[in-house]
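In what follows, chain A forms one complex with chain B and a second complex with chain C.
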Partner chain A sequence: MSLIMTLIEKLAFYLQYPFVRYALVVGLLIAVVSSLLGVTLVLRHFSYIGDGLSHVAFGAMSVAIVLKLSHRMFLILPVTVLCAVILLKSGQGRKVKGDAAVAMMSVGALAFGYLTVNVAGASANVSGDVCSTLFGSTSILTLTAAEVTLCAVLSAAALVLFLLLYNRLFALTFDENFARVCGINTELYNLILAIIIAVIIVLAMNLVGALLVSALIIFPTMAAMRLFESFRAVTVASAVISVICALVGILVSVLAGTPVGSTIVIADALAFGLSMPAARLRGGMS
Partner chain B sequence: MKQNEMWIVRTILLLLLCVLVLAGCGTKDSRTQEADSGKKTVQNESASSGSNAEKTSPDASGAKDAANANNVSGTEQGSREDTNARGNGSAREKELLDLTKMSSTTVFAEVYNMMTDPDSYKGRMVKMKGTCYAAKDDASGKTLYACVIKDATACCSQGIEFKLKEGFSYPQDRSTVTVQGMFTTYQQGKMTYACLKNAELK
Partner chain C sequence: MEQLRCSNLSVGYGEHAIASGLNFSMHAGDYLCIVGENGAGKSTLMRTLLGLQKPVSGQMAFSPQIQKNEIGYLPQKMHAQRDFPASAGEIVLSGLQGKTGRRPFYRRSEKAEARRIMHRLSIGDLADKSFRKLSGGQQQKVLLARALCASGKILFMDEPVTGLDPEAAREMYAMIGELHRDGMTIVMISHDILSAVKYADHILHIGDAGFFGRKEEYLCSETGKRFLNQREVSCDEPDHDAD
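Our next item is the complex of A and B:
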């Protein structure tokens, strides 16, 4: 009991700091939107696209740092969106498809970004900056109020779009050809999906870093798929699991002094691990 | 009927999201530091005396971090809002910001925030524990002392220069110190530096 009281007191102590409150608000918003998109991506076998796009975003961020841009998002977002459109664009006659395209773009952008900051970067601690960006050790705790507002607005926009386009995304996810035959403009909705994914990936980099973004997309979805069967149930469960894991991860990292990004990912992994026996107990799908 | 239910659920979720967003958005005192040519960033390696620590200290990474810590960030991170700092005025300034009670992750984040938004912390008593780095400023011949802390992965460092009260002797280089002083900033050339003045070793 005394341990719990001590933890509560410590938590109350940290919550008086604005940067902790900002981290919680933004972290939970990012967790919600990334898990919602995760269901679509996992079912369309695009699980690794989060990693690819985050590496592209890292490369764009490196260029923005070298160019000393005051608002890096003006470069990072358009570049990431463009790459998302290229990767998700379905079409025949493409010589490099699917996972190969993701892999090439991913490693190429990562190498380009690291080379750029090493050769032309102005920071005194390039390795530290890169490490922090790739692994998200404290990124979420060093947001300005303007960045919090931007993250909140973008997350809200992504969530609203997802809610409004829920039926069409459902159709696109399970049978794109049938959706096209039914008169749904699949090209348009794939484009919108690509933009939403790119925005969420860029936001998620603030939470867990560029290398661990895929965890936010995959783990909550896979855990939810073990427990539930319908698309709606999996989507809702994925969001709930993601929010809980992000909350636990942020609080544990703040209290215990661990890196934020990896703590959240470990929480997600534990949730996935617990979902397996839970599914067996429930008699759910394995 | 089912479509109506979906719309109701969506509307409720949208309203909840709006509440969450409004709860997290901004504070009463919004301040924007302009991103002009005079802006300084934590990342910039200054050519002025603030970076002298890196020229003379044998440990390049530690000294560079101390130098960076002293280069106060202006605007690369944009505006930062701290209602508490402004709302309570002098009472807040007298309140001790005890970084020794915080975890390594939050200490790093708070010191980072102090460097990027020093105006919100000016006048506050700050207590921190870290490694003392000493470096000689070639231009003035003075020795600068900084208390440097690392983040959880120990790959990034932040620190603040400290100036002890009269009569106090400075600690050895690379020793662990707990220092308490008033957070302030000063100009040297075109650069703004942060330091803990009238500091005491605890």
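Our next item is the complex of A and C:
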């Protein structure tokens, strides 16, 4: 009992600080949008795109660090959006090529990013910089009010777009050919999708770091897919699971002093692990 | 009323034609079966007619009265979607996507329309069921209901009964026959030549010795006889049990 009281007191103490509150708000927003999009990406077998794009974002981030840009987002966002559009375009109808394209872009950007930071030697602490970009070790707790605002606006926009496009996305995800026959402009919606994906990945990189971004996209969806049967239920469950995991992850990391990104991802992995016996239990009952 | 005309049409991928020199037309209320050997280009032709790929050469034109959202499509058995988490109702409703225009959500009347179509195909009770847990026949009916939501005039079907057990296949043919009687134009690819000549009124045979015309002519043609040889359909007494 006293342990719980101590924890709550400790939490209340930390929540007084704006940077912890910022981290919570941003973390939960990113968790919602990334998991919503995850459903579409996983079901279209595009899971790897998140991973590839996050490496591209890392490359762009490295350049931004070297150039000592004050607003890194202005470089990272357009570069990542551009790559997302190229990847989704090349993936259409040519799965194998698209696969290889993602892999090449991904490792190329990773190598380029590391090389840039290392050679340019922008800061004394190269490995620290690289590490925090890749694993998001502290960046979430060093957010400024401006960054939080930008993140909130972008997440809200992505969320609204997702809700408005929900029925279209379902039709496109379930059967793209059928959607085209019906007269839906599938290329336009794929383009919009690519842009949203890129924005969300750049946002999520702030939370968990470049290497762990795809965890936010894949784990909640996979867990929800084991538990629910309809698209709507899977979408909602995926968002709920993702928010809970992000909340638990951030709080644990604040209290236990663990790195934020990896703590959230471990929480997501645990949720996926729990979904397996839970699904069996559900199946046994019905 | 003529709904579709193809003249000297070649279909295939890129520059490479799989089937060429296709001449045929379709009129409102036709029941056209596309037959031919495996790899003759039946599915490629259908994908071309649906605008999913470009023709290699030749002309193909729908009548101006046919809008894009008046065409329904029942694709060949899908593999990727086998584990897709979706309820039957969600899938049927998605057939109305082409009719919502810029509206993001469905109207109540559209949801009612989807339910009506499901009841008509006697799958009303499946609306909340998981698509991946349905039997092959039920899945096919759900996809047919989705195609009906999308179509007003023409229904394209790529092997609608392949993989179904005989009872489910018979039921499927009965439903398609009923839609046809209500005035829907049916275009169907079929492996099952006996059912094709039983139910269709026009046959398009793709292959070395192509054929297009009424079923009765097909049964008496060289192509038809060769394709049907050793099967119990005679040229003299075409089977009229279809209705």
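Details
As a convention for this text, the second predicted complex is superposed on the first by the 275 of 286 C-alpha atoms of A that agree within 3 Å, B and C clash if a C-alpha of one lies under 4 Å from a C-alpha of the other, contacts with A are read in each partner's own complex, and residues count from 1 in each chain.
The working rule: a residue touches a chain if its C-beta (ideal position, glycine included) is under 8 Å from a C-beta of that chain, and two chains touch if they have at least 3 such contacts.
Source: prediction; values computed, not measured.
Set side by side, chain B and chain C differ in how many residues of chain A they touch, and the one touching more is B. In the superposed pair of complexes, A:Arg180 makes contact with chain C only, with no contact to chain B.
In the superposition on chain A, A:Gly257 makes contact with chain B only, while chain C stays out of contact range. Look at A:Arg168: by the touch rule set out above, it reaches chain C but stays clear of chain B.
Using the contact criterion defined above for the overlaid structures, shared-chain residue A:Ile49 touches neither chain B nor chain C, since it reaches no partner. In the superposition on chain A, A:Val26 makes contact with chain B only, while chain C stays out of contact range.
After overlaying the two complexes on the shared chain, residue contacts for A:Val243 are found with neither chain B nor chain C. By the touch criterion defined above, A:Phe231 reaches chain C but does not reach chain B. Of the two partner chains placed by the overlay, only chain B lies in contact with A:Val160; chain C stays clear of it.
Contacts of A:Ala84 after superposition on the shared chain: neither chain B nor chain C is touched. Overlaid on A, the two complexes show chain B and chain C touching the same residues of chain A, namely 163-164, 166. Those residues of chain A lying in contact with chain B across their complex are 13-14, 16-22, 25-26, 28-29, 65, 70-71, 122-125, 127-129, 131-132, 135, 137-138, 141-142, 144-149, 152-153, 155-156, 159-160, 163-164, 166, 253-260. Interface residues of chain A, counted against chain C in their complex, comprise 43, 45, 163-168, 170-171, 174-175, 177-184, 225, 228-234.
Chain B contributes residues 6, 10, 13-14, 17-18, 20-21, 23-27, 30, 32, 35, 39, 43-45, 54, 61, 64-65, 67-68, 75-84, 101-106, 108-110, 112-113, 116-117, 151-153, 155-157 to its touches with chain A in the complex. Those residues of chain C whose C-beta lies close enough to touch chain A in the complex are 47, 50-52, 67-69, 71, 73, 75, 78, 80-81, 84-87, 90-91, 93-95, 97-98, 100, 104-106, 128-130, 132-133, 146, 150, 156.
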